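Before anything else, here is the set of structures, which you'll find just below.
After this come two complexes, each holding chain A, first together with chain B and then together with chain C.
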Partner chain A sequence: MADRLLTLEIFRYNPLTPNIPPRMQAYQLRETPGMSLFIALNQLREEQDPSLMFDFVCRAAVCGSCAMLINGRPNLACKTLTQDLPDKITLMPLPVFRLVGDLSVDTGVWFRDLSLRTESWIHTDKTFEAQGLEERMDNPTALSIYEAERCIECGCCIAACATANMRADFMGAAFLNRIARFLIDPRDERPAAQVFEVVGTDEGVFGCIGLMACDDLCPMEIPLQGQLAFVRRKMALAGLWGK
Partner chain B sequence: MKWSDAHITDVLVIGAGLAGERVAIEAAQEGHQVTILSLVPPRRSHSTAAQGGMQASLGNVAMGYGDNPDIHFEDTVKGSDWGCDQEVARMFVELAPVAVRQMSYWGVPWSRVAPGKRTLPDGVEVEELQEKAGLIAQRQFGGTAKWRTCFAADGTGHVLQYAMDSVVVKLGVAVHDRTEAISLIHDGERCCGAVAVSLRDGTLRPYLAKATVIATGGYGRIYGASTNAVINEGTGMAIALDTGAVPLGNMEAVQFHPTGIVPANILVTEGCRGDGGYLLDKNLHRFMPDYEPVKKEVASRDVVSRWMVHHMRRGFGVDSPYGPHLWLDIRHLGEEHICTNLREVHTICENFLGIDCVSALIPVRPTQHYSMGGVRTNKHGHAYHLAGLFAAGEAACWDLHGLNRLGGNSLAETIVAGMVVGERVTAFVREHPLHFSFSLVAEAVRVQQARLDDLRSRSRGSEDVYQLRKAMEETLLEKVGIFRTGEALGEALLTLTELYRRSQNLRLRSSGLGPNPELFAALRLPGMLRLALCIVHGALARTESRGSHYREDFPHRDDENWLKRTLAYWPEGAEAPRLEYEDVKITELPPGDRGYGGMPISGD
Partner chain C sequence: MRTNWISLHHIPEGASVNLQKTLAKNPRWESGMELVQLVTGVFLLGFLQFHVMAVSTIILGAAAFNKDAQFLDEHYISYIGIPLVILAIFVHGLAAMRKAPWKFQEARVFLQHSRRLGHLDTWAWLVQIGTGMAVLVLGVIHIWSALLTWPIAAATSAARVQGGYFSFLLALLLVAEIHAMVGLYRILVKWSAYDRHKFVLHLIYATLFFVVLGLLALIVFLFINVKV
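Coming up: the complex of A and B.
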């Protein structure tokens, strides 16, 4: 497989030069062993086209910056190896999010807005005592919170979601998972009924139409289907009995 | 510039990693208006990549019973090879437990103590007591007398950053992401903000503030191989140095982490060794006990890295197309442990090596990882010689780490420094009204605008930014690494000086319009080269070996002459830093033996 000549067809558009319309531009590149899209795109930028816009930060699949459509499927570019792709590779920016330019999209603002809307922080009436011991928690609970907390806000589940592509106000799997994270955290004192106000809606858990592309495509392999089912069940109960 | 573009705030924080956000929270809680600038959304900061954990002497686990701040202090000072500021270290160890517990209060899912007996990989049986059940669990890290490193599986940085940012969101702190500060606005005595370029559209904007805080992390990416994120280009340190007034401290102190994977240079956590993993050579021999009979794989990072390179030089490295490496063996820790407490390591091995580390060895070698040096501040985080400028975290040198940092002390430092410096920043903005001269601001913006216009005009110059950058990266990698000599450093100095000259003569290949990556790279490169030159000049001048700075031609620590901190200033228009020195403050623990890392290592 190595030593192939790869063709990368890349979406190009710079919003600051609107007279040049959006287009696909093809680049050719010699494949090297173990080449990832991180290596390939940087090589293209440094050697062929220094104006090419894309985002990488950690290049280790932990920060969520580099999600894009790779041959039509959302994934993290840094951990995608060219050896797993055909000779021709098409790269497009994630849909749903505002385009910054070329392959770069604005996930940061989108996720912060949703954090605000869902009040994604611990709600408690307790105050922090600097001198006391920490509040105890059993380890399985800590691990189950961590399981949901592993989300890196890359946006793959949002880009892959039929509902999110149809309605701009849908929270998507990332935030339903975030809701689940706070529902299982004993430190968060919000009653389920209060969560229901925010999530028990069409923009929230009842907007999901169950296609589960989020679960298939999460690069962190977070069990989103289970998390969605958990939130839906909780919200259904809260809706029925107001608790 | 249009004055309507100016952004006015009480506190301007540059960098949205853990240190920057913690400072922001401190000031925002007191009712001050805070604006954070960040290259990326806060949750993409490099702090999130920290895996293993955060040191705090809670004494919650069997192997940590009896721990206290005094022991943490002693470990930190020894780790620093007596290069750290002991007043800062004392303050740090006292506050670290508070920081860990506050992060718990803000939502961090720390791994917890599960009571009962278990057998460690080396055969020792320990019992976690019922009375400690559910408290924050701790693991072993290098160079520590007790198990002290609090962790959340091995995604500790990630969960800390998410919890911290949730508080930032809750408090309504403004974050301008995709924004880079490219110069500080100052009159030589007082800093009143920064000129920033928007990475969304390439426009400039002045940010004016009563207090400005640099929390931009390290500069790892000036090295050709680094575990750092690609955004770690030392931009904050560079703009502080550019003032001519503020020195950088101990820039020659560069940390190499023992276990970067080969060839991707991605870190696998020190927790691998802390939890009982071994380092093996090409004969699958566990070699660290030969060199360090007591600490074995868990000596400090400088020491382990040095022995590894030494061992490879003796011919025991594993040959690969990417040069020699060694093996990290965690197979004996078992699948359950690896897939929970070292889960991220498992995923990284799968993604970037295509191996399952439950059954396969991990190829590793020492890789540039951390900058002990940074913007020199006093113990409160206030930069030298420029009122209103502060620094915190890896970008700063207040100087907790001296010539070598202990694993688990950087996450702890980001948060503790955020608390301490945040408090000082808050006091400063309470006492000092916003004060700036219109002409000073207009001139600062004009100078930067001229740089951008010059690059965009492509009317002069011939040098390619990426080629120069690559040459810089390779020079540092080859000549300013773990083992240093006067000869190699001298060569590096010549090469880097020449590259610095050439970097004044860049020419863009693309238009430079809009959010143009080549333009941004061109803006950063001269500053990165100035940092590189500070490292090399400092390393050449320090004729001793201390912590991470190891000179084969001066292999001993020299307390008589070098119990000193290097201060590098960059006079305007100069091609080299001016070096000054100050004494290291010893308040409690006089210089002595570290208990590991016997010197010299013969450089065969």
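Coming up: the complex of A and C.
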């Protein structure tokens, strides 16, 4: 399959030069064996168009900064090989997040808000003993916390979500997955009734209509259907019986 | 114990706190609406499948059908059930349509998003909204026409089907079954962690069962010769 001539249609728009309207620009590129979109885009920028904007950091599916719409579907560009794609590839930036330019979006502010709003640290009245023994946790609990923590904050679930696309204030799967993580954790003493005040809403878990694009397209394959359903059940119970 | 957390401390960038939203925000109502949608949806689903099975007794003959209709009538099940179903349809319709893309711009965002994504579950929401509206219109006509010739009997029903209602009822059967079973799929996906790629097959078989059963009943009605 190598040696194909690839056509990359790339979304171009720089909000700093709004007089140049958004457009799709086509580039041609010879495919090399094992080529990833990371390699392809860098080659394009080096050889054809130095103005092209896109983000990569780890190029190993760890940092989450390279997520974009690849032929319409959100995925990590660094772990996507051109050999798995047709001759014509369209690339667009993730929707929902603030557009920095071309393929680059600002997921940082969004995820910082997430951490601040969920207060992503253990809330407990116990005083921490630096010299004491660590409290034990049973293995299934530890594993399900770890499952939620595998999120690399790439934003694919948010970009894939129809509700998040339509309604900017919807929390989305990454947010609700983080909520699940702290609801599971026995060390966190915040009761579900408190979480309910913010998450049992139309911006929260009840805004989700269950289209499951987040679950289908999560590059880390976090089981988001189960995570969201867990938060939904918890919140429904908290709403009914206040606990 | 801390009492405030999540967004009460931190206001997201670009968001603002204002009087009207602060006062209108009520998670109890918002989660309540979801439960209303769930409960009415499940009730209507149960009713629909019961109704299709009850009507299909015509396959066993006019006498069986009439006996059933009379039983429901004499025990007042029809007189409690029908108003309940009408009420449930309106309450369910209002609750379930609250998240539909009512604004033109929302609708465009949704359609463009769905087309880009090419994702079946996402399209299924549009199916759900479309079939829901169709059930509302066709269902009201259907209930109305049945009430006009009350009580329910094989002879009047056969006359209706043979008098040109066949395709109308077939369309109602199809949209109602598709809507109800996509709805059931959606409920399982939203509330459980069961593997949807597995249970979807069972749902498809169940849908086929009810559609074929209803279709058989309609065909029998089309050709039956009921002596009054």
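Here is the rule we use: the second predicted complex is superposed on the first by the 243 of 243 C-alpha atoms of A that agree within 3 Å, B and C clash if a C-alpha of one lies under 4 Å from a C-alpha of the other, contacts with A are read in each partner's own complex, and residues count from 1 in each chain.
Keep this in mind: a residue touches a chain if its C-beta (ideal position, glycine included) is under 8 Å from a C-beta of that chain, and two chains touch if they have at least 3 such contacts.
Every value quoted in this text rests on a predicted model; they were computed, and no experiment measured them.
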Combined model on chain A: chain C and chain B, fit or clash: fit
First (chain B), second (chain C), both or neither touched by A:236: second
Touched partner set for A:207, first chain B, second chain C, both or neither: second
Which of chain B and chain C A:95 touches, first, second, both or neither: second
Touching partner for A:15 - first (chain B), second (chain C), both, neither: first
Which of chain B and chain C A:116 touches, first, second, both or neither: both
Spatial angle chain C-chain A-chain B, Cα centroids [nearest 10 degrees]: 160
Lowest inter-chain C-alpha distance for chain C and chain B in the superposed arrangement, angstrom: 9
Shared chain A contacts, counted only where both chain B and chain C touch the same residue: 109, 116, 119
Sites on chain A touched by chain B in the complex: 14-17, 33-34, 36, 45-47, 49-53, 55-65, 79, 100-101, 104, 106-109, 111-112, 115-116, 119-122, 124, 126, 128, 130, 132-139, 141-143, 145-146, 149-150, 152-153, 185, 187-188
Parts of chain B lying in touch with chain A, wherever the complex brings them together: 40-46, 48-49, 98, 100-102, 104-107, 109-114, 133-137, 152-153, 155, 158-159, 162-163, 165-167, 169-170, 175, 177-178, 200-202, 229-231, 263-264, 266-267, 321, 340, 344, 347-348, 351-352, 465-466, 508-511, 513-518, 521
Of chain C, residues touching chain A in the complex: 1-10, 12-13, 15, 25, 27-28, 30-35, 99, 101, 106, 109-110, 113-119, 121-122, 124-125, 186, 189-193, 196
Residues of chain A touching chain C in the complex: 69, 72-73, 92, 95, 109, 113, 116-119, 123, 125, 160, 162-163, 165-167, 169, 189-191, 194-202, 204, 206-213, 216-217, 223, 225-226, 228-230, 232-233, 235-236, 239-240
